[in-house]
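Got a structure for you, written out below as structure tokens; questions coming shortly.
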Amino acid sequence: MQDFRALGKRLSNWGRWDRDGVRDERGTTNLLTPERVAAAAGLVREGKIFDLGIPFGRGGPQPGGGRINPMILVSETGADQDFPGAFHYADDYVFMPLQSASQWDGLAHVFYDDQLYNGFPASAVSPHGTSANSIDKQAKGIAGRGVLVDVARHRGVEWLEAGEVVTPEELDAAMAAQGVALQGGDILLVRTGWRRKFLVENDAAAFMAGEPGLGLDCCEWLHEHEVAAVCSDNWAIEVLPGEIPGEQLPVHMVLIRDMGMTLGEILDFEELSADCAEDGRYEFFLTAPPIKFSRALGSPINPLAIK
Amino acid sequence: MQDFRALGKRLSNWGRWDRDGVRDERGTTNLLTPERVAAAAGLVREGKIFDLGIPFGRGGPQPGGGRINPMILVSETGADQDFPGAFHYADDYVFMPLQSASQWDGLAHVFYDDQLYNGFPASAVSPHGTSANSIDKQAKGIAGRGVLVDVARHRGVEWLEAGEVVTPEELDAAMAAQGVALQGGDILLVRTGWRRKFLVENDAAAFMAGEPGLGLDCCEWLHEHEVAAVCSDNWAIEVLPGEIPGEQLPVHMVLIRDMGMTLGEILDFEELSADCAEDGRYEFFLTAPPIKFSRALGSPINPLAIK
Amino acid sequence: MQDFRALGKRLSNWGRWDRDGVRDERGTTNLLTPERVAAAAGLVREGKIFDLGIPFGRGGPQPGGGRINPMILVSETGADQDFPGAFHYADDYVFMPLQSASQWDGLAHVFYDDQLYNGFPASAVSPHGTSANSIDKQAKGIAGRGVLVDVARHRGVEWLEAGEVVTPEELDAAMAAQGVALQGGDILLVRTGWRRKFLVENDAAAFMAGEPGLGLDCCEWLHEHEVAAVCSDNWAIEVLPGEIPGEQLPVHMVLIRDMGMTLGEILDFEELSADCAEDGRYEFFLTAPPIKFSRALGSPINPLAIK
Amino acid sequence: MQDFRALGKRLSNWGRWDRDGVRDERGTTNLLTPERVAAAAGLVREGKIFDLGIPFGRGGPQPGGGRINPMILVSETGADQDFPGAFHYADDYVFMPLQSASQWDGLAHVFYDDQLYNGFPASAVSPHGTSANSIDKQAKGIAGRGVLVDVARHRGVEWLEAGEVVTPEELDAAMAAQGVALQGGDILLVRTGWRRKFLVENDAAAFMAGEPGLGLDCCEWLHEHEVAAVCSDNWAIEVLPGEIPGEQLPVHMVLIRDMGMTLGEILDFEELSADCAEDGRYEFFLTAPPIKFSRALGSPINPLAIK
């Protein structure tokens, strides 16, 4: 069984992007260099846009507990207003966990051994939010070349089952079959079919009770390929139950805390997957700006894949 | 004094994008055709990204009342958790009006004479949200060619004052001076300097007490130029107090309800403005996907301008 | 099968407490006259207090959906404050449905045929709250003689099962066995054991999937006995599924809308029940002030029974 | 200038109510013995009820910042429901700081030198709430003999001004003039007129910018008189600015942290004050149960004074 601490240490990006005495708080999105962004925009040919966010509302995949589905409440319908003139307006509020639906996990979201990514102390996170690695540090967006690895389609299944591990070898094989290769600074989208499962079953408890996903070995593979961010249609990127007895979410710990990799979760690749299968193009321009929540640990998103 | 109803009727886009018996709910973003999106992506040359959203948090521009600033509350700091193994996580919640900071106004946000854009009845908006023209209808994003008209810079002022009207002639003159021309399907960004005023003064009440902005005559101009969406660094696009005594927000009423134009408000063009002035390029690729809030009237955003 | 409209009409209290052209908004709590309150205070002999509210927090009986359990979020722990001097403070927020745990149903909470209690139009309820029959109309409290009818104990069961009807005859028999009789203006507490079921099973879905409770015939009985308010340890007072096919919550409709009776729900009578069984005294002074939420439809409560 | 630490140590109730190895978490409400509760109920003669809570809603006294006024949002108006049969219902949510309007400060609300009341460590308060001295420990209510000291009326002013200190001598003099004396276990209500100021001026910022209130010397006086809880119509009981330069809220620190006294704030004594002046009776039965928010630091209340 792998020692996640040793792995994390080997793959660590701590200090890698510090500049002039300023400690980095962005992690692997530093790999999204202007050159790469400019090159990725060249992937837009037809102008087709795919929105990868899921609907935000009560019908979402949170079964309750630590997180709930977004509660949208209408404060004004316009029906009983008495302004001068003809004007009426409608307005609404939301109460939600920032990570309840399609989301970026920020780099302060997960830690171990009292340290966040890049050595910031865990005490940086307080009831006032985080003073280090907050999601708004990614505000200039996460935009670049996106690559979809459609594992479910490659296996020929609707979805992988909970506990099924996706390995580096399988990622390589799927991409080879798809005819696409990773370049440095890519944003990787891994489709396990877990979103489709939810769409078919509409069962939040089942969606959250484990999932198929990346195994620990993928951390090194992501590191070697200089992946800038990784996204999935499940809720935690990684396989659950995990591979190390007695440890929770070890892939999170290595990717976020050691490598400084921002994770995109609970996305919907269904339409994109069908289109990629049809035109054989699994690469596209991807923009996924977080909302600039101050000192926050994550952000809702609606990434756009543009071909 | 202009009759906004007559103006709205003349500029109406009702029915224009209905197809096969399906009534349109997107309005002028229909002008963001795939061809135009693809062409706009060609504007990305250096890969420079400008994030146009403002920070979301308690220090925002809402003085309280109908809307408040986003309240972010930390549900987990990680400090007092007792999971098996090394794992700790931090998490947060937000309570906010969907239109409290940088935002898209959806097409059900404003109405008059009991009808929403495209003739949907005002009763489509209920405490359960809106059944027509909800913001998630724009989910495939609002992406295309962005053009900044820097009115404040063109006037040589830090900001225009509340009540100062921006006219079509001034927009034309500023764009001519900037060396940029509108094309069909553009997303127009109008900089009044009102955001700078807030950054300088940090006075939410002053920010909300009126504003400089577009006058009613701009509606026709936006219509003729086939503008797909209009954004500003103020909070309502239009000049306040408005031009018609006894009417509230007439530009909103015509643009949203009659023309079906989605409005982007409370954006920050400061960094972009400086860059455009420096390189003389006032056009760029813009992506501004709303979060897919179901049946919602608006959405927080963090638009990216990419050059 | 009973016609609930005819029943409601027969038992209607509309107009009964109107005074000097002012329409009543309090309903049967008008029966809590000063004389009765004063007499009820005389029931306090030993000074023993029983709190009848349940805990408010995530572990509550709401399975999610229209209502959720109260979400308490700590905004300040005191740990990372930097005030002058020694002072530290902790603070918290709550987001909750006003009727998610122990609660009064206000008189605008339920209606039919477009009218609220006392003939106010249903349109009095808007996104701005209710302009008639709001819970704060009960602000001077609901205090008086409380009487517990311990149906579950009388039947010799831990709890009645969902769908089991409590009839007037059973209420009479239980009270006779308990040696207590109703007087005008009493607050009646009906124990079905449904709270105990939740404490034993800790299953919110099971708690909400039907319940034992009052049948329609009890409405007339409550009317004749001049009961001021009725409370229960279940979540809707009345039996569910109900007695009229195709109608939802007919007892609510008659009690709240026609009779103007405020209902107390999701209370905990376990400790009180044991004490009453021991000392044979099923009467006490009861105070159950609603929190004065403006224009609200209900209020959280923690009633005190004092013997 | 007084040393609040020395004062706190002298008046400390730590350990006083520990029993059988169980550390007390209720503090001075332990003085509300059954005998005293029973005797206090005897003060109810006419059955007149005074509700001392203020309205909860957007028009409250919070100017924004750390705390906001309660936001009530209507989730159902009943207008667009489609249940079988005639049933319609209306429902609402609230988002609020637990201490934004009429409230009990719990015994974990304030601390210094890393210790809460009765020596619990400050670390008992976490993002999950407090594991010691939570407000629900007061759930059996706070009921007993209430005594109003009407300082504003005694001075013959509408309200005292911010910064004006109420001394033990003044409390004694006012009570002597009122013809009432304290007994052990009383709940003391101090009227400064600060609530009236808000009702007259409707200025939340002015209400929060300092206040008249108890001086530090009152702590010893409250201790000697065995007061069970102290309430006021201002927002912090104590005079602000305070009497010790460089220290914040020293009366809070001594009363809550050292003496274990629960504080009732932002109450409305206007109607009660008038009645007491008229009938000359400044004593009554008081019930003020907190809502049982789990692990919470305070609770909204609507205390009832019953004469």
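Labels A, B, C and D are assigned to the chains in the order they are written; within every chain, residues are numbered from 1.
Definition applied: a residue touches a chain if its C-beta (ideal position, glycine included) is under 8 Å from a C-beta of that chain, and two chains touch if they have at least 3 such contacts.
Please read all numbers here as calculations on a predicted model, not as lab measurements.
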item: Same-site or different-site touching of chain B by its copy chain C, using the half cut; value: same
item: Inter-centroid spacing, chain B versus chain A (mean Cα positions, whole Å); value: 26
item: Chain centre separation in whole Å, for chain D relative to chain A (CA means); value: 47
item: Residue list for chain C, restricted to those that touch at least two other chains; value: 71, 73-77, 79, 93, 95, 123, 126-128
item: Overall pattern in which the protein chains touch one another (line/ring/star/complete/other); value: complete
item: Chain D to chain C touching residues, read off their complex; value: 4-5, 33-39, 41-42, 44-51, 53-57, 59, 66-67, 70, 72-79, 83-99, 102, 108-113, 122-123, 125-130, 136, 139-141, 143, 244, 246-250, 252-253, 285, 287, 289-298, 300-304, 306
item: Chain C contact footprint on chain A (complex, rising order); value: 58, 63-65, 68-69, 71, 74-77, 79-80, 95, 123, 126-128
item: Residues of chain A touching chain D in the complex; value: 71, 73-75, 93, 95, 127
